[in-house]
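What follows is a group of structures, each given as C-alpha cells.
Shared between the two complexes below is chain A, which pairs with chain B and chain C, respectively.
Up next is the complex of A and B:
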C-alpha cells in the first residue's frame, strides 16, 4: 500500500519536475500582438486573405509580413482594430459583395443533357462543358455553397445560386471555385447588375436562354456612362460615381430583363428559400474594449 | 529478423489497431475528413506510440516489477504517456517549428488516446522484448495511419456523392468504417498470430 502511494507519487513528482523544467528551458516567445489579432479576426478561416487560417494570418501580420487590411470578411471594424494593435494607419478598401451573374434557372435556360453524376459543378463542367447549353451560366450544383464559410449562398428550388447580400463578406472563395466564372465581386454599394455571363452573339443566346444578354446595346444607348458592351455582353461600369441613379434608367429598356436592381425588381421567388444556419463566429471587439487598450 | 517482420506485418494489416482491435476510434472518426490532416495525425501517432511504448516498456521492467507494484500498470502508464506527450510537444515547439506546425495540433489529441495506451499494455501482455515492442508499436502506428488515410480518402469522395438523406453525416461514415473493417478481415488468413 505504502509502496504504491509513494511509487506513484514519485512518478508524478518526477514527471512534474521534468515538465516544469522543459517548459522553462524550451519556452517559445509568442508575440502578444498575434494573440490579440487572432482574437479579433472573425475566426471563420475563410481563406479570403490568402492564408489558410485566421491564426496564420494573425501571425503573419504581427511578424510584419502581411498587410493589415486583407481580412475582407471582418470588414472595416476588424481592419481598424488590427491597425490599433499594430499602431498603424488604416487604408480603407471598399467593401465588396459576390454577385451571381446568371438568371438562367431550369425554367429559363435549356439543358444539353440530364446530369446524374457527382453533385459538384467542377465535375459536371468537365462532361461536355456542363449540362446547360449555355457555356457560361450557373450550373446550380452548389460548389459555391459548399465552399462558403458564411452560409451566404443558397441554391433555389429551380437550380440557381443566389447570394444573400447581408451575409456575404466578399471573401472571394466562391469566385475562385466556380468553374463557369459566373460569380464576380462587385462593390457593395452597387445594387444594379446585368445578370448574364454569356459572350455569345444574340441569336445564339436566344436559342438557349430566355433571360440572356443578347448584346443589343440598348442599355448603353440609354445611359452611355453606366454601361459597357464587351463582346456581345453588357456590364455595369462599377467605377462610375453616380451609378445607382443613372443605371436604373435602363432597367425597363432591356428586352430580356437581364438588368436587375437588387433593391427593386429582384424576383421574390429567388429569395423564398431557407438559407443554411450561420456557423458560430466570435464577437468582434467592442468600442469599450478598444478604449481599454 | 523474420520474427520482427512477422510482428510488423501482422500489426499493420492483420491486427490493425483501429479496424480489428477497436482502439483509437475517436480520432479515426474525428480527424479523417481530409487526407492531409489524417496523414498528419497518423504521423504524430506513429511518433508518440513508438516513444511511449519504449518508455513504458523500460518503466515496466525497471520500476514496476522491481518495486512489486505491477497492479498500478494502467494508472502509471497513463501518467507517463500524458506527461511524455506534453514533453515532446514542448521540446518540438522550441527545437523544430516546422515539425511542430505539422504535428503540433494533433499532439494534445493523442495525450489520452486509447490506442497509445492499448499498444503499451499489449506490449507487456505479449511478453515482447524491447526491440520487439518497438517494432510492434511502430507497426501499430503505421496500421493506424494506413486506416486513417484510406478512410479519409473515402470520406473525401463521399462528400461529393449524392448520399441519401437518412445516411448523411455520421451514419454513412460509420457504415464506411464498417465496410473498411470487413475488407481488412481479408488479411486474417495472412499471418497466424
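Up next is the complex of A and C:
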C-alpha cells in the first residue's frame, strides 16, 4: 500500500517537473494582438485581402507585414478596431461594392449561338468568344455566383448577374473571376451607374444590344461634371461623390436607357430568384469567452 | 485476320456511325465551282498567323504568295485563284471570331502563276525538299494543320527511323482521304516517296482502316517494289491520332509530354503526301483540298474538291441545299470538329468535312452528376482519368489536373461520347488546359 502511494507519487513528481520544464522550454510566443484581430475579422475566409484565410491575415497584420485596411468585407468598423489593437491611425477609405455593368439579358442582347456546354462563364467564353454577340456583356452562367462567399450575387430569370447591395462586401472575388471584366467595384454610396461595358462604336453596339451605350455623349453634355466618355463608353466619374448625385439629371436623356438608378427598384424584383441563405458559420470564440466557460 | 489496333477507343463496327460513311464513300470527288469572292484567312494553321504582303487593288495569280510566314512554325499563304484583292480585313473565321483575311475577287480566268516550276529530281536533297514544301505552304491535312516542314526538320539528337503514313480516316462521315487514295493513289505514293527522301528514312508504313478495302487493294498494288508496307488497321476511333497510330503500328508508346519524334517516328497524312507531290512535281502550292459534305441535313452528300477560301454556303448550294431545317453545322468530323455559327465562314486547310444536322438528329440531354461507372477511363486511348481531371478542373485545382496529365489529352472526344451522365468532359479538360497555359503565361 505505502509502496504504491510513494511509487505513484514519485512518478507524478517527475512528470510534473518534466512538464513544467517543457512548458517553459517549448513555449510559443503568441502575439496576443493576433488572437484579438482574428476575433474581430468576419471569419468568412473570403480571400478578398489576398490571404488564404482570416487567420493568416490576422497573423500577417500582427507581424506588421500586411496593411491594416485590407479586410474589405469587414468594412470600416473592423479596420478601426484593428487600428486600435495595433495602435495605428486609420486612413479613411470609402467602402466599395460590386456592380455588374450590363443590362443585356436574353430579351435585350442578341445571341451568337445556342450554348449547351459546361455551366461556367470562363469555359463558355473560350468557345468562339462566348455565346453572346456582344464581346463584353454578362454571360449569365454564374461563375461570379459560385465564388461569392456572401451569397450576394444572383442570376435573373433572363440570365443576367445582379449584385445584392446589402450583402456585397466588396471583396472583389467576382471581379477577378469574370472573364469579361463586366463586374467592377464602385463606391457603395454611388447609386447611379452606366450599365454597359462595351467599347464598340455605336453602330456596332446597336447590332447586338438594345440597351448598350452607343457613346453618343449626351449624358456628358447634360452633366459634364459627373460623366466621363472613354472609347465610345460613358461611365460615372466616381471620384467626386458630391457631383455623382447630379448624374441623375442625365437618366432621362440617355437614348438607350443605359443609366440606371439603383434606388428606383432595379432590377425588377420579380425577375430575381430568391437569394440563397447565407451559410451558417461557427462563431469565433475569443479567449475571454473561453475563460468564462 | 487480326488487324493492328490499340486499347481503348470506340469500336465503330456494328455501330450506327459506321453507316455514316456509306453516303459518300462511293461518290467520286467533284470540283466545287470557284465563287466570286474567296476569303483566305491568315491563321489557318497551328503557329503564328501569316503576314499579308498584298494590298487592296493588287492583281494576283493563282498560286501567288499573298502572305509571308510569321515565324518558323508558320507557313506562307497563296492566292487560290487569279483575281483582284478587294479587302485585307478581319472576316468571320470558322473559329467563330473575326480574324484577319485577304479577300480576292475572282476574275474567272483562274490563271496559274507562270513562275511556279517543278523541282527536278536531280536537285532533291532533304534541304531543298523541305524548302520547297515550306514555300508551298503545306500543313498537315489531317485536321490539326501543323506545318509539314517542321515535321521534316528533326532535331540532331533525334534521328528519324520510321515514316508512318496515316490513311486511317477513323472519324464517322469522312471519306475525303478514302476517295483520294482510290482516285489519286499514284500521287499519294509519289508524295510518300518524296517525304521519305526528305527525311532519309528506310522504314515506311502506310496504315489504312479495314473498312476501305478498295483503297487498301489499290495502295498495295502501287507500293509493290517500293519498299513501303501497307498495314490494315482495325475499324476503331481514334485510330488516326498520332500517339494511337504509333501504338497500333509499332507497338510503342509515345512518352507523356513527348512527340512521336522522340521515338524516331514521323507521321504524315495521305492528303499531305498528295499535296507534297503537287508542290515538288509542279510547284503548285496548297490551294485546294477534298471536303466531304454530308450529314442528315444535306440533300445530296458529296465529296468536293474545294478551293481554300470558298464560303461554306457555296458548298451547301452545290450539294442541292439543306434538307429541312438545320440546327447544327459542324466543320470537320463529328468527334473533333468545330460547330459553326454561320455558313459565311470560308473553307480552310483543316476543313475535312462540312456536316449538317437537323433538330431531331441530335438528341440533347442535360449533364448530370458523375455516376462513377469508369467508362471514360476504359475508353481513353491515352489511359487518362477524364472524370477525375474534370472534377479537379471544376474545383479550380489546375495543378492537380496537370499532375493527372491533362496536357496529354488530345481531345478525341471518346469520353464525352460514352458518358452516360452526358457530362461535357472534353470541354472541361480543355478548360483546364487553357487555365494551366494561362497560369504558365503569368509566371
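Definition applied: the second predicted complex is superposed on the first by the 244 of 293 C-alpha atoms of A that agree within 3 Å, B and C clash if a C-alpha of one lies under 4 Å from a C-alpha of the other, contacts with A are read in each partner's own complex, and residues count from 1 in each chain.
Here is the rule we use: a residue touches a chain if its C-beta (ideal position, glycine included) is under 8 Å from a C-beta of that chain, and two chains touch if they have at least 3 such contacts.
Quick caveat, the model's predicted, so the values are computed rather than measured.
A.B. asks: May I ask you to decide whether A:18 touches chain B, chain C, both, or neither, giving the answer as first, second, both or neither?
C.D. replies: first
A.B. asks: Quick one: is A:113 in contact with chain B, with chain C, with both, or with neither? Answer first, second, both or neither.
C.D. replies: The answer is second: A:113 touches chain C but not chain B.
A.B. asks: Would you check which partner chain A:123 touches, where first means chain B only, second means chain C only, and both and neither mean what they say?
C.D. replies: So A:123 meets both chain B and chain C here.
A.B. asks: Check the residue A:158 against both partner chains and state whether it touches chain B (first), chain C (second), both, or neither.
C.D. replies: After superposition on chain A, A:158 lies in contact with neither partner.
A.B. asks: Tell me which partner touches more residues of chain A in the superposed arrangement, chain B or chain C.
C.D. replies: If we count touched residues of chain A for both partners, the winner is B.
A.B. asks: With both complexes superposed on chain A, which partner does A:26 reach: first (chain B), second (chain C), both or neither?
C.D. replies: A:26 sits against chain B, while chain C stays out of touch.
A.B. asks: Pick one for A:8: touches chain B only (first), chain C only (second), both, or neither.
C.D. replies: After superposing on A, A:8 lies in contact with chain B but is clear of chain C.
A.B. asks: Just to be sure I follow: which residues of chain A are touched by chain B in one complex and then by chain C in the other one?
C.D. replies: 118, 120, 123
A.B. asks: Any idea which chain B residues touch chain A in the complex?
C.D. replies: Touch list, chain B to chain A: 63, 67-69, 71-72, 75-76, 79-80, 83, 86-87, 90-91, 93-95, 160-162.
A.B. asks: In the complex formed with chain A, which residues of chain C make contact?
C.D. replies: Going by the criterion above, the answer is residues 95-97, 339, 341, 364, 367, 394, 424, 427-428, 430-431, 434-435.
A.B. asks: Within the complex, which stretch of chain A touches chain B?
C.D. replies: 3-4, 7-8, 11-12, 15-16, 18-19, 22-23, 25-28, 118-120, 123
A.B. asks: In their complex, what parts of chain A are in touch with chain C?
C.D. replies: On the chain A side, the touching residues are 112-113, 116-118, 120, 122-123, 126-129.
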